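When the chains are written out, they are named A, B, C, D, E and F in that same order, and each has its own residue count from 1.
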Amino acid sequence: MPEQYLYFQNRLRLPMHLRKLKTGNDSFDHIAHGGLPLGRTTLVAGSSGSAKTLFGAQFLAMGIQLYNQPGVFVTFEEQADDIRRNLKSLNWDIDTWEKEGKWIFVDAAPKEENIIAVGDFDLSAFRIRLERAVQKCNAQRVVIDSIGSIFTQFHEEMHTIRRELIQVALTLSRLGATSIITAERLEEYGKITRFGVEEFLTDNVIILRNVLHNEKRRRTIEILKFRGSNHEKGENPFSINPEKAIVIIPLSAMNLKHITSNER
Amino acid sequence: MPEQYLYFQNRLRLPMHLRKLKTGNDSFDHIAHGGLPLGRTTLVAGSSGSAKTLFGAQFLAMGIQLYNQPGVFVTFEEQADDIRRNLKSLNWDIDTWEKEGKWIFVDAAPKEENIIAVGDFDLSAFRIRLERAVQKCNAQRVVIDSIGSIFTQFHEEMHTIRRELIQVALTLSRLGATSIITAERLEEYGKITRFGVEEFLTDNVIILRNVLHNEKRRRTIEILKFRGSNHEKGENPFSINPEKAIVIIPLSAMNLKHITSNER
Amino acid sequence: MPEQYLYFQNRLRLPMHLRKLKTGNDSFDHIAHGGLPLGRTTLVAGSSGSAKTLFGAQFLAMGIQLYNQPGVFVTFEEQADDIRRNLKSLNWDIDTWEKEGKWIFVDAAPKEENIIAVGDFDLSAFRIRLERAVQKCNAQRVVIDSIGSIFTQFHEEMHTIRRELIQVALTLSRLGATSIITAERLEEYGKITRFGVEEFLTDNVIILRNVLHNEKRRRTIEILKFRGSNHEKGENPFSINPEKAIVIIPLSAMNLKHITSNER
Amino acid sequence: MPEQYLYFQNRLRLPMHLRKLKTGNDSFDHIAHGGLPLGRTTLVAGSSGSAKTLFGAQFLAMGIQLYNQPGVFVTFEEQADDIRRNLKSLNWDIDTWEKEGKWIFVDAAPKEENIIAVGDFDLSAFRIRLERAVQKCNAQRVVIDSIGSIFTQFHEEMHTIRRELIQVALTLSRLGATSIITAERLEEYGKITRFGVEEFLTDNVIILRNVLHNEKRRRTIEILKFRGSNHEKGENPFSINPEKAIVIIPLSAMNLKHITSNER
Amino acid sequence: MPEQYLYFQNRLRLPMHLRKLKTGNDSFDHIAHGGLPLGRTTLVAGSSGSAKTLFGAQFLAMGIQLYNQPGVFVTFEEQADDIRRNLKSLNWDIDTWEKEGKWIFVDAAPKEENIIAVGDFDLSAFRIRLERAVQKCNAQRVVIDSIGSIFTQFHEEMHTIRRELIQVALTLSRLGATSIITAERLEEYGKITRFGVEEFLTDNVIILRNVLHNEKRRRTIEILKFRGSNHEKGENPFSINPEKAIVIIPLSAMNLKHITSNER
Amino acid sequence: MPEQYLYFQNRLRLPMHLRKLKTGNDSFDHIAHGGLPLGRTTLVAGSSGSAKTLFGAQFLAMGIQLYNQPGVFVTFEEQADDIRRNLKSLNWDIDTWEKEGKWIFVDAAPKEENIIAVGDFDLSAFRIRLERAVQKCNAQRVVIDSIGSIFTQFHEEMHTIRRELIQVALTLSRLGATSIITAERLEEYGKITRFGVEEFLTDNVIILRNVLHNEKRRRTIEILKFRGSNHEKGENPFSINPEKAIVIIPLSAMNLKHITSNER
């Protein structure tokens, strides 16, 4: 078993049932007790600008940089080209990774010429496209950013949203990759997701917050739910660092020292 | 009468009208004044990640481990396989129990091939399937996890939800098993259930909470309603322990000492 | 005039316009200034598990035990059989009373075989059934538990709910019995009833609360409205006692001593 | 000009543009700077049990007792007979007044036989009936209790409610009587009326509150709006007294002493 | 340029781009930095009884009394006759002004005979009527009280409300008069207007509040928006004075002394 | 590369991935770490009167005054003529700039003659008009004020709003200009935009607030989101100054001194 899967088991000496995939972000892997659940889908919900896209991209980038794991980034909202440019501010050279076949964009963002089609986005065609991309690069990490944009066409009909999200999750599950789906939130402390069903349908839920308090903003990350696994509870502050992207300050930081010294 | 039904009557010397089924979780049986009402259905409502599935699974696992009572687990949301894996983290070897015919899964979770059928989920076909499973293993415990997923197709129409939930409860009642139905909540302190009718239709209601306060989470369990029986009132904190699953800290813990010393 | 009607008039020496029916629960009759308005309908609204059914059943049980007044209990939600069993925990032997013709159940709860009919519940057929039961045992007390379940079929259309509730109340009024109708609430301190019209249509409104405060529950009863009569105002705490059922602690307890010494 | 119109003008020596009608309730006439605006309609809005009916009935009763002014009481909700009985608790013998032709009931409350017609209540037929009653006894005071019950049939359609309420108000205005229309509220401190349009359509608005605070109730009355006239502002506590009905404690009570000594 | 336009420019020596029309209410003209924007429409939003009509009427009355500027008062809600009477309490003799051709009522209030037509109020016919009235008296001030009543017929459809309000504003703009349109609010501190679009469509927004705090009322006026001009910010308390109508207490009252001494 | 693009890169020595366009407003460029993202669209959301139009106009005016960059101002709400006049209060002579071809108005505001067409506003025709204007003056800055007015016709249908806004943003993106789109908000601290989707569709979001606190107003500006770039976080107070328009007081003002001394 490759090094990156052993992290959690070694540290806490737990039996090896639900395996974790080390994201490569040490502080996150710490609060996640090892990383993201391997082969499963994690919902990352956050308000506008809460760093959902960054979190997803960092997951792929670290997979490539640290563990040589190829990844697929599905973008429903931003143009692939914009993401490439935005992520350069974090010193990730996606162009090169794309050329090396380690990073594949599935660019499902609306284009000026075919925008009318968005209204009737065909999710089954999309799933085929996703499947091909995963197989092409043998992707072990997948990010879908963000699911909210395709759901608004379902007129807030919970049942359809439930069905479509399950279908995407089942496809991802069959492909075996460890996945992140981002979802939109409208308030920092209210409903967990826009429609109030997404969180029940996914095995794992992470919340990114960007809270305004006394005219200042404070970013936090919380693992709300990991089915079948323990994890740190409650909110952990984080900052966005141009060199290391998302840096979480685990509130149980005592243990962290030990880990990071091991890791580096 | 088997040992596990006598608990409550002996302790409090009450007349033996509404019998309780010892779940096997001592701290829960304490606050429940003996256990879950025998032969009745209990609604367990909680937000995403509040431990509904864990609570239900522990109910079955303890029935098998402590009292040799077979159980049926109906899963509408998670794949049976995922539940098997998740529960291994709690040292329950469901595979073996399944082979021994003590644990039967009714896997009503959506599958990739037949997901469209979910939209028109046929509850009467489901009830027949449930009935067969109960009869096959002579189940004394049943868990349905979770009812919310089939209700979203009824467009929040209270009347239909009322009718369908009653129908499931009546079937369970006829089968004679002691049952748990889990239900979704969107807020920790607001409406008791998603639709605001489920709690009125069931004899017993338990609420699982996962409250965020000062950026920390705190889990509590509350028995809101036991028709025809007394019980501890208010919220009791609990933690999820990899060895003992849900461990409640009864706030009236003085009495507990006595009980637990008796039990072990 | 039988002893149980004189209570209020004697105590406060008021003219005898609106007569009260002593329920037999002294602490309640105290805060109600004599009892429930004779020949009228009182709405008892409460959240799930707030003791609505208990309150109604105690009203009938005490009528039989203390004043030999027969009663009719209409159950729309729980099976009559479940109610019989639940109430045994309070030492009321309904079976016997039923045999003696003092307690009649109108069991309008949904049955497994005919549940589809619930959706189109025929209220005029129901009223005839109610009328026959009242006449058969010469009922002086009637409980309808709970009206909410038949209203959900009217799609929250206020006008229909208004009309149907008035119709039931008029029938009860013609029959001359003193009646209780229970109704559902979703919050402890918000709208008085589920639809926000029921409270305006009935002469008398009582609210049962089960308030969560600092993780503890506290039960209170409040007489919100007695048209044409004075009453104690505000919330009075109560507990559920296996021997005496609902026991109210009147906040103006000084006066109570006197009364209870008179009564016993 | 009869004595009861002069009250306000004399006391404050204001020019005599908008005349007031002394209700006869001194404490109310004090905070109203003389009484209700003569020949106009005043909306009295309150939650269930807030004393709307009492306020209206007292207005008529005092008109008869103190100034020999006949009145019409339109009841849409309670049976006239119930009102008669309820008001006996306040020592008003409406029967006698009815026989003397001083009090006329327009009983528009639903009856058991014709309740279906309520759904399509014909407001123009009602207005004719109202007109005849006013003319028959030469009514100078009119109470309509309560308008809410006929509005629920308009499906919360603001425009229709607006039109119908205006039409009733215009009829009352043409008849020249000083009128009260009661309206329902759902909360003590929120929207002024159920639909949020009634208050804009009437010249005068009075709010009756029955506020729950620390488990106690407190009744207050507030004159929110008197078009074209001054009045006391804010809430004034009141109690319901079996001998004097609604007794307001004006917070500017200094002035009151003088007035009451004048009046009695 | 007549005296009343020079006020603002002289005081603050600003260039003369957006001209102001002195209303004649000194304290208002102070917080408005000279008066209402000349030739533009100002939205005056307030809850029921917040003094919208008074504010509008005072604007016209002062125009006539102090600057001999004729005005048109469009009334959609109150009968012109009621307004005449109401305003007599403030010593404005509108009758006389009407005879002198200085005050014209466009009485668009519903009448008993033609009330059905209100439902389909024809705004283009109304605009022609308005235009004729303005031209007839050469009106320099216009008040429309209140726009809310005609909008309720559009079923809260934002787009239609937007279009109709713009159309009225454009007509007023072409006529060149300085105008006030009143609009309804339901809460003192929430949405600015009933529909949440009106405030975006008008150049200027003033809010009248009548706040309940500790059972007392407090009136305030706030200039929320003056496009293209400075103004005092925040709420200023005001009272209604039988001799001077609305009297604002500017919180920056130091400067006011100087002004008022200049003016009188 | 012209001087105004170098600002940010020089100061912080970051790699030059996402370029910024100096707006010319030093205090804004400071909190924006250089200016607005070059070639991208920024959403400026604010309540009525929060200075959205001012912010947009200042962006164009400074482009012309300081960097000789032509701009296009699309006005959907106010008449171009009104904007011309309003901005004179800030000493910007738009007339002259228009004559010099540096400022082009696309006047899409409703006109009295053709207002019905607004209801069916044709966005593709509009985009062609916009494109021509941009090309005609070689615009490097574009302001669309405000998008909300055309969205209300889509009946709050999120999907259509999403599609239309994306389409406008894509057109702007192709034209290469740096753009501002203003959007309406209803509350100061609640949903970020009227419909709750606009903020997710744009790369950059700025919020203008006009907060009422203790009866006083306080204006603040916050950069909520800059995809691919750092920026100052949280609210910064600002005032509107007749000579310098919007003047922000950066809370990290220490650094500002250095910058402003460099710049002037």
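General observations
Heads up, the rule we're going with is that a residue touches a chain if its C-beta (ideal position, glycine included) is under 8 Å from a C-beta of that chain, and two chains touch if they have at least 3 such contacts.
None of the values given here were measured: they were computed from a predicted structure.
Taken over every residue number at the interface, the positions common to subunit C and subunit D amount to under half, indicating a different-residue contact. Chain centres here are Cα averages; for subunit A and subunit F they lie 32 Å apart.
Mean C-alpha position of subunit C lies 55 Å from that of subunit E.
Looking at subunit A, no residue sits in touch with two or more other chains. Neighbouring chains touch in a ring; in the direction leading from subunit A to subunit B, they appear as A, B, C, D, E, F. Across the complex, subunit C meets subunit D through its residues 14-15, 17-18, 157-160, 162-163, 166-167, 170-171, 174, 189-192, 196-197, 199-201, 203, 205, 220, 222, 224-225, 227-230, 233-235, 251. The touching residues of subunit C, when paired with subunit B in their complex, are 47-49, 53, 77-78, 82, 85-89, 91, 110-112, 115-116, 118-119, 146, 148-149, 152-153, 155-156, 184, 186-187, 194, 210, 212, 215-217, 240, 242.
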